[in-house]
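Have a look at the structure that comes next, please.
In this document, chain identifiers A, B, C and D correspond to the written order of the chains, with residue numbering beginning at 1 in each.
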Amino acid sequence: MKKFVNDPKDFVPEMLKGIALANPDTLKYIPEYNLIMRKDIPMANKVSIMQGSGSGHEPAHVMIVGKGMLDAACPGNVFAAPPADFVYQTTKLVAGPMGVLHLLNNYTGDTMSFDMGRELAEADGIEVRTVVINDDVAVKDSLYTIGRRGVAGNFFVIKAVGAASEEGKTLEELEAIGNRVVEVTRTMGMALTGCTPPGKGSPIFTLEDDEMEMGIGIHGEPGRKRVKIEPANKIVDELFEAVADDLPYVAGDEVALMINGMGGTPISELYLLYAHAHEIAEKRGLKIKRNYVGEYCTSLEMAGFSLTLVKLDPELERLLAAPAEIAIRTF
Amino acid sequence: MSKNVEFVVKSIADTALKNEQYFSDLDAVCGDGDFGYSIARGFEKVLTEWDNIDRTNPGTFLKEVAKIIMSAVGGVSGSIWGTTFLRAGMTLGAKEEVSKEDIVPMLRAVIEGIKKRGNCDLGDKTYLDTLVPTTDVIETALAEGKDALEILDLATQVSADAAEATRPLIAKKGRAAYTGERSIGTLDAGSVALATMIKALNEAWRA
Amino acid sequence: MKKFVNDPKDFVPEMLKGIALANPDTLKYIPEYNLIMRKDIPMANKVSIMQGSGSGHEPAHVMIVGKGMLDAACPGNVFAAPPADFVYQTTKLVAGPMGVLHLLNNYTGDTMSFDMGRELAEADGIEVRTVVINDDVAVKDSLYTIGRRGVAGNFFVIKAVGAASEEGKTLEELEAIGNRVVEVTRTMGMALTGCTPPGKGSPIFTLEDDEMEMGIGIHGEPGRKRVKIEPANKIVDELFEAVADDLPYVAGDEVALMINGMGGTPISELYLLYAHAHEIAEKRGLKIKRNYVGEYCTSLEMAGFSLTLVKLDPELERLLAAPAEIAIRTF
Amino acid sequence: MSKNVEFVVKSIADTALKNEQYFSDLDAVCGDGDFGYSIARGFEKVLTEWDNIDRTNPGTFLKEVAKIIMSAVGGVSGSIWGTTFLRAGMTLGAKEEVSKEDIVPMLRAVIEGIKKRGNCDLGDKTYLDTLVPTTDVIETALAEGKDALEILDLATQVSADAAEATRPLIAKKGRAAYTGERSIGTLDAGSVALATMIKALNEAWRA
């Protein structure tokens, strides 16, 4: 296992400790619940926003806690939804008078934990609303009763409700904004390699030297189909078509375009991919108002990327452009 | 408090720890490879806190085990295995001892709890597909007046067959579901885990 | 080769095109010289700062062009210094009345190209000064006549002179600031895997499953020694000691601490490494005033990291804290 | 213009392109694995622009080749191979033809240029370590009145031996230098390239 790790069981807590040590003025770390939260939360005039999800998707979600983004994140172990108890305890800790918004990527495990956590918090009199994110077009709604997965598109939901919550919007308003973003966001991903959870010690799946996996999730789950590696532009073509034709996004639409790295793909390659995605978008008549190239929601050290389109309206564009501060930063 | 309940829980916990890698590997074929790790962490915490678990009565003991699992394990496994022990404990209520007659009602309560929490049913390729036929055979055997060892043998056999019979199914729940038809031909990790636990319990009982 | 690439010869230009398309308002791309430059440069009241270096170290240097950082970068091919002609042409394009500062990482190839490029520019009457960055303690000064390599520490030189240039400092002043940062900056890196330049198609070196390479450079050059993999904290211990004892950094010193990913190591692991580095620093009595965790200077998709310490004084701290805007960004 | 000069440059360029992978692999052992790629890109550009290169006289031709290389290739290789053709061209000046007598002064000028640009000397494990003994043997052979084919044979032999003789040296320049003592026992990529080019030229000459 080619990883920086001490005891694999300490992988997540040691990472969380690092985040807290690097941001002593703004963040609080509560080891019992894998919890990273803003120090200045709860606030009287602001809904608190939290997300759980498994670990292994960093920077999502523990590293995007901060002003204008998440107020707290309580991830489970690597690729495992948080225990229901984490969700409950975190909800209690962040709850202010305006209530708590739960964001969750649509997976059975996360849904179960957040359902149980929410029930317990509501029993304590805390008002909770939930936005379920399911932007992955690789998994079709009709085919599986659990519905589409939530993947890198969750960034846009977080950014929009995060900005709106700083403006003092109510829980209902935030829920509506979150759902509106989900409706206009679509993603598809692919991988050149598998990835190795520290607790497992070996790759979840392996691909031959000339193979890639299309329609991958963010937990190392195999995807839609395994095919021979193609030139970068061909791969972008395929993902772009699957994503753009799903909503669909049509000529004249104003959009945000994201190329999200899966953890092991260098940023040089992500910009190469962006170049072609940008050109396809323009050829289709889409107007790129905002673009995102980098790592937003990863699968440990997996080599691969996902492509996300968001259809913008003036309010959403304003929320995406609003300033925000998060744990990870360049300067 | 009933030593048998403790024995069963201890045996299940030991089996989960011993098979961590094996169970994760099973989940990796079509799922995300965390199943063995997840339940091992849960049962590990159960064993760590073993001596301090409230033993007022078997029902309380089982409910405390459930809470430990639910605070240590996330998502499907935490919820499903937590629900398992929670429902079993709730069925017993404040009874001082567990009798033969309690077994089937406990298992039926577990099945209902899992169906509700997991929003799943028979044939979805989950651990229900092994739990239900195993419960059925235990019910029949108890009615026929078979003894504990005979029943354990039957349960071992039926659960092994049931786990093997998940192969042709399409996974409809959990992360394995995302692979769709590619899950055909693979074993359901949760089912194999259950069969493995029953087999180990059978062996431990005789040892 | 598990990479996103079309024709390997187009790897660098396609990446540069992506950077330009993603930043249409602020950056200009001139394909003939692999040149990414600020649109608003040259300015009458600001020295222009440029760096070349090879490609494959992204975000350094093409992705850190922007206000308060570099004004231009003209990289060579992957791991190859830019041709002398690129340096010359870029110098001419960015030159304003206050002159041009060349930053270069100390490698024979870069030095040769920048020497030739500078000679040609000076012949045209352009005033040029050069700061040579050589922060890598893995290579000892005394042993090799070419001197120590420049690695991730170059970020601090760029950030400091970038901020100072925005304040209108002169070329001489910037040269002095740059050299002062070089004097107080030390780095050492290591790798768990090799990396594959697209034009080569196979890894530069390979490590066995249980091996790591200590004292690595940023071009896939093998390092000081090849040893068995150790727990993460042990690796941090070794790098920290080599770095801290070199200057040395002593109890009471105020420092900046950087954990820089080499391209293929996920940010989760980088924060885990940071946690331990932070604790060692505190144990040694160093006061961490600023910290940096992420990718600053990479080797394509190599798994590995480097650790950098910078000794701060009030002015340097102020320059590092000054705002800056670069091509890569989260929002 | 002297067809021989064109023939030599063309042969060197072809050899660089044909051996791209091999030369890169040699550089990868202790360097950064870009040597073959770098010079291939330079000579590729030379061949692409081949028909349009200024052929006023051999000196101009060589200087133009140098400029193409220096605009296409960065760092050590661009500077060193650019300097090579630049110095050779400068030595010829405006001469219409290249004669036997020009060869050694050209090579000596190249050696001086590389020493200056690369801040290197014999024994530093660079391509000088092959160029210098090869130049020496050519000088002697010319003085002894040997003919072109004999001289090519000698140069092929001596350059191959010299390249092989770089093995025990410690690399003191270029990226290979960073490996220090570990460079002992490896071949210098630049030296092998030069020997390979001379051997290929020898063969092409006879074909």
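Everything that follows uses one rule, which is that a contact is a pair of C-beta atoms (placed from the backbone, for glycine too) under 8 Å apart; a residue touches a chain by one contact, two chains touch by 3 or more.
What you see is a predicted model, and the numbers here were worked out from it, not measured in a lab.
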Shortest contact path, subunit A to subunit D, counted in steps: 2
Chain whose average C-alpha position is farthest from subunit B's own: D
Subunit C-subunit D separation of Cα centroids, rounded to whole Å: 32
Centre distance in Å when subunit A and subunit C are each reduced to the mean of their C-alpha atoms: 29
Intercentroid distance (Cα basis), subunit C paired with subunit B, Å: 54
Chain-level touch network, classified as line, ring, star, complete or other: line
Pairwise chain contacts, counting only pairs that touch as defined: A-B, A-C, C-D
Contact footprint of subunit A on subunit C as seen in their complex: 2-6, 11, 14-19, 21-22, 55-56, 58-59, 63, 159, 192-193, 209, 229, 231-233, 235, 263-276, 278-279, 291-296, 298, 300-301, 303, 305, 320-321, 323-324, 326, 328-331
List of subunit A residues in touch with subunit B within their complex: 9, 52, 54, 76-86, 107-110, 112-113, 116, 138-139, 143-146, 149, 197, 199-200, 204-205, 217, 219-223
Contact footprint of subunit C on subunit D as seen in their complex: 21, 24, 28, 30-34, 37-38, 41, 67, 70-80, 82, 117-119, 172-180, 182
